[in-house]
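One chain, subunit A, appears in both complexes that follow, with subunit B as partner in the first and subunit C in the second.
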Partner chain A sequence: MGSWGIIEMGAPLVPRSTQIFLFLRPWVLPVLLLTLLEWAARTLAPDSDAVAPPSRAFLAFGQALMVSSEEGVLRASLFTLGSAAAGLLIGLVLGVGLGTVLGLSKRAASMGFLTIEVLRPIPSVALIPLSMMVFGFGFRMEISVVAFATFWPMLILTQAAARQVEPGLIEVALALELSPWARMTKVVLPAMLARLLVALRLGVAIALVVAVTVEVAANPYGMGYALMIAQQSLAPDLMLAWLVWIGVVGYGINVLMLRLQHALSRRMGEIPQAQRA
Partner chain B sequence: MSKQRVKQQLEALGVLALFIGLWWLASDQAWVSKVFLPTPEATLGSLIEGLHGDLLAFSANTVLRMLLGWLLASLIGITIGALVGSSETARAWIGPTLEFVRPLPASAVMPLAISLFGLSSGMVLSVVAFGSMWPVLLATVHGLASVHERLREVSSALQLSRSAFVFKIGLPNAMPDILAGMRLSMTVALIVAVVGEMIASQSGLGQAILLAARSFRASELFAGIALLSVIGFASNALLALVEKKLLKWQTH
Partner chain C sequence: MVPTELLRFEEVGIHLGGREILSPTQFSVTRGEFVCIIGPSGCGKTTLLRAAAGFVQPSTGQVRCNGQVVTGPTRKAAFVFQDYGRALLPWRTVSGNISLALEAAGVPTEQRAARIAKVLDTVGLGVHATKFPAQLSGGMQQRVQIARCLAQEPELMLMDEPFGALDAMTRESLQDEVSRLVQETGLTVLFVTHDLEEAIYLSDRVIALRANPSAGKPSLAAMIEVGIARPRDQLLTKEDPEFLRLRRELYGFLGHH
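Right, the complex of A and B next:
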């Protein structure tokens, strides 16, 4: 997010009116677009099955909030977020585990290289039919696809992180005759942590996108399915509401992860290199 | 080639052979039901049979969809990216909105596209283009925004017009970013094309593997997945090669 020229809000020498202007500026374009859509939907296409005025979408969202069934906002969101998190956890554990081994041992990396390069280009969505066949619809099918999709970036980024661990640190650990487990938990993993956090942030974004995609394509649960159903029942207001909600959830989680990453790397006393990534 | 290199490559081949051997054992000894996991030779058989049949045409459809969508996305992405990225004002006003839309899953736009364009091949193409536009667009903005201060001073000293600045300094400077963005876009384009074929029942590999799974023809499903990964690998490798060629002039 480094390229937008956003000025620190608390910076001195900026008058209050400028501060307010800078705070409001990002909202001008969205508000303008929404107003335009509101006007167009009301006057040009009043009975459209495809577009609805944002005001009606807002009302439809309010109603969907009250619904307590599978298609209610709360349960659908929890399903998507839950399966994204569960799948990411599996992909993370496997990816970090194997990635650490491949990063620390050059021999292991060159042995595994070919197999990884053969398997990695499989598009994650190509596994949707397979997981559907094996697990049927539901939670397990979704987390298996998310786990596969997040495993590869976790593996590659962890491998890079492990390769960049200062060799001196490992030599010290060896000199202290730490057990392999202590060497891992006390030296290697802490040294990798900052880079692992960057990987985790990427993984969270991928997990959410893949989870929604699985629901839109096949799995009859969660936010993606609610969006699809809104379209199929010709409710453009509800469809628009879900689309924006999915955007808001994704954006919110990205911001949250960014904050978490900065807070943690500050606590570890490191200059956050990835801030501008 | 040194002796060690050969040994390394043999080891890598060995691991791959081990992997395929495990796959064969798991299927042949029925550790995993053959309904889900066909043997490697059954998959290869389906692949060869399919390539004499429809699979080649399906692959061509998917590749065409991916390429067309990607080209459209690159064109639109670079254009908008250059417009937004070359002006600090535009960046400040439009940037945050772009940043909000970016993490939106491309597949989530598909229902909207279906209501607008119907279940057509044009609908899939538009979503492919929309979804794969973001990496290029944001990379172009970033590349133009990070033009070195000295180069900006040079261009204003030479009294270059904005378009001259974009074409002579901005875009060449942003080239590494744009190419990296285009490579990412290609991956996204393949994914969205496959999802689109599944949802809108457009002829292609996405539809083929979904139908194979629905009728429990596992070996055909695996053959389709294998073809998709070949497409993914080949397109990525090709672009990486182009990237290397085009960026040769860079000394750093």
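Right, the complex of A and C next:
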């Protein structure tokens, strides 16, 4: 037997100590950075209005968790996430719908081309004054800006996804005389799905960024506004807490999206390389 | 049984992008007949097949199937694409791909499983029903496509160089399998290939096309009956003097002038 025993028994080839090290490795850098910031904030800028030691930020966050008003962690986070999600939903539905039409029909694409290329470069933030006039402060104004911001990438990526549907598959659908509806739902949309999921992940990131931006710039709600309030009330610890929290929320959402993407790809018959014929 | 005509090309000429692909061509295919179309690459054989399927509309003349002018694809004519990798839905299993044909034909859900099992059995894929196309070899993927075509219960099978991308061994076994299937089901087949031996081995009649048709030289170069008895055998048939004579006769049409 000798050294072959390890392989035959299927035991892990890396020793346990290495496994623990591999698990801890991603945490080394953040811990170092936090320690450095803690030290710098305490010794170099003890009375700063801009930076605070992470330990104080942590305490401030704990207090903000208890607050039940608009600036509390729970309500502010829900507002931002809710309006980002609602805006993204609108941008997604319109973008995927219109993008599919533009991708499948050359005539529609040439009709829409100029309009799209002129409207698309408008920075979404530039829309804030207009949407403020139309909707006033609040949920609807933020949704409209997020929808505008996410609509364009969804449109362009969906159009590309529709164009890249294998023409052979569409011919199969035609040869089988599938109805136009069945052709869309059974062939075209599933063929686009992998690319649509990539578009969706991008859309989620944009939606979060734009929602926070709208709150920082104008809308007195949500995480972005809480960040502004912390800044204006000269509370660098709370400001740092919000910054990190927004990052954590974004990270969490991205992890969820990746899981969704993988689960769906597996259901759509994507075969891991090892099992291919 | 009196042989009746299933498919008829009436002076079908096809221009694509200002170029004449097929000069006016006339021929007909009898029910139950296996007709191969051969010719050098660029002679318009695939275009001819696509016109029979209704994917391409003739510039002159018309294609008739069952007496009806073909204006678009119908389920009565099944099309086997050369590139099986692009003709199967990668997100559906083998059964799911077959099911697509049944869904299109409006077969009730409760009847589908039995019919899928039956066609998979016919092509010897029963044990692979739950696999995805990417998990199968090229030959097996092409079998799936043939099975899907059988599931749509066509009268006419249009096959566009279906074995062109397969290795020689797989190609021969699929040739025998298709021959057997056609004999069992009485299907009518129009089969495009550039492999001369494949054409003679499979068909009752070979239609040879010539490249670059012009006024003096129409697309249709020759039409040759293959009278070799069935069932045929990869070794014996290909040593048959009649096979060799036909091979010699058709050799010139593949650009070996």
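Here is the rule we use: the second predicted complex is superposed on the first by the 258 of 277 C-alpha atoms of A that agree within 3 Å, B and C clash if a C-alpha of one lies under 4 Å from a C-alpha of the other, contacts with A are read in each partner's own complex, and residues count from 1 in each chain.
Rule of thumb we're sticking to: a residue touches a chain if its C-beta (ideal position, glycine included) is under 8 Å from a C-beta of that chain, and two chains touch if they have at least 3 such contacts.
Only a predicted model underlies this, so the values are computations on that prediction, with no experimental measurement involved.
Model built by superposing both complexes on subunit A: subunit B and subunit C fit together without a clash.
Of the two partner chains placed by superposition, only subunit C is touched by A:E166; subunit B is not. With both structures placed on the common chain, the touch criterion links A:P121 to subunit B but leaves subunit C unconnected. Of the two partners subunit B and subunit C, more residues of subunit A are touched by B. Of the two partner chains, neither subunit B nor subunit C is touched by A:L155.
In the superposed model, A:A64 makes contact with neither subunit B nor subunit C. Annotation: superposed on chain A, subunit B and subunit C show a minimal Cα-Cα gap of 13 Å. Looking at the complex, you find that subunit C touches subunit A at residues 53, 55, 72-75, 77-79, 81, 83, 86-87, 89-93, 100-101, 103-105, 132-137, 140, 152.
Across the interface of their complex, subunit C is touched by residues 166-169, 171-178, 182, 186-187, 190-191, 193, 267-271, 275-277 of subunit A.
For subunit B in complex with subunit A, the residues that touch the partner chain are 8, 11-16, 19, 35-36, 85, 88, 91-97, 99-101, 103-105, 107-112, 114-116, 141-142, 145-146, 187, 190-191, 194-195, 198-199, 205-206, 209-210, 212-214, 216, 218, 221, 224-225, 228-230, 232-233, 236. Remark: subunit A residues 1-6, 25-26, 28-30, 33, 49-51, 107, 110-115, 117-119, 121-130, 132-134, 205, 208-209, 212-213, 216-218, 224, 227-228, 230-231, 234, 236, 239-240, 243, 246-247, 250-251, 254 touch subunit B in the complex.
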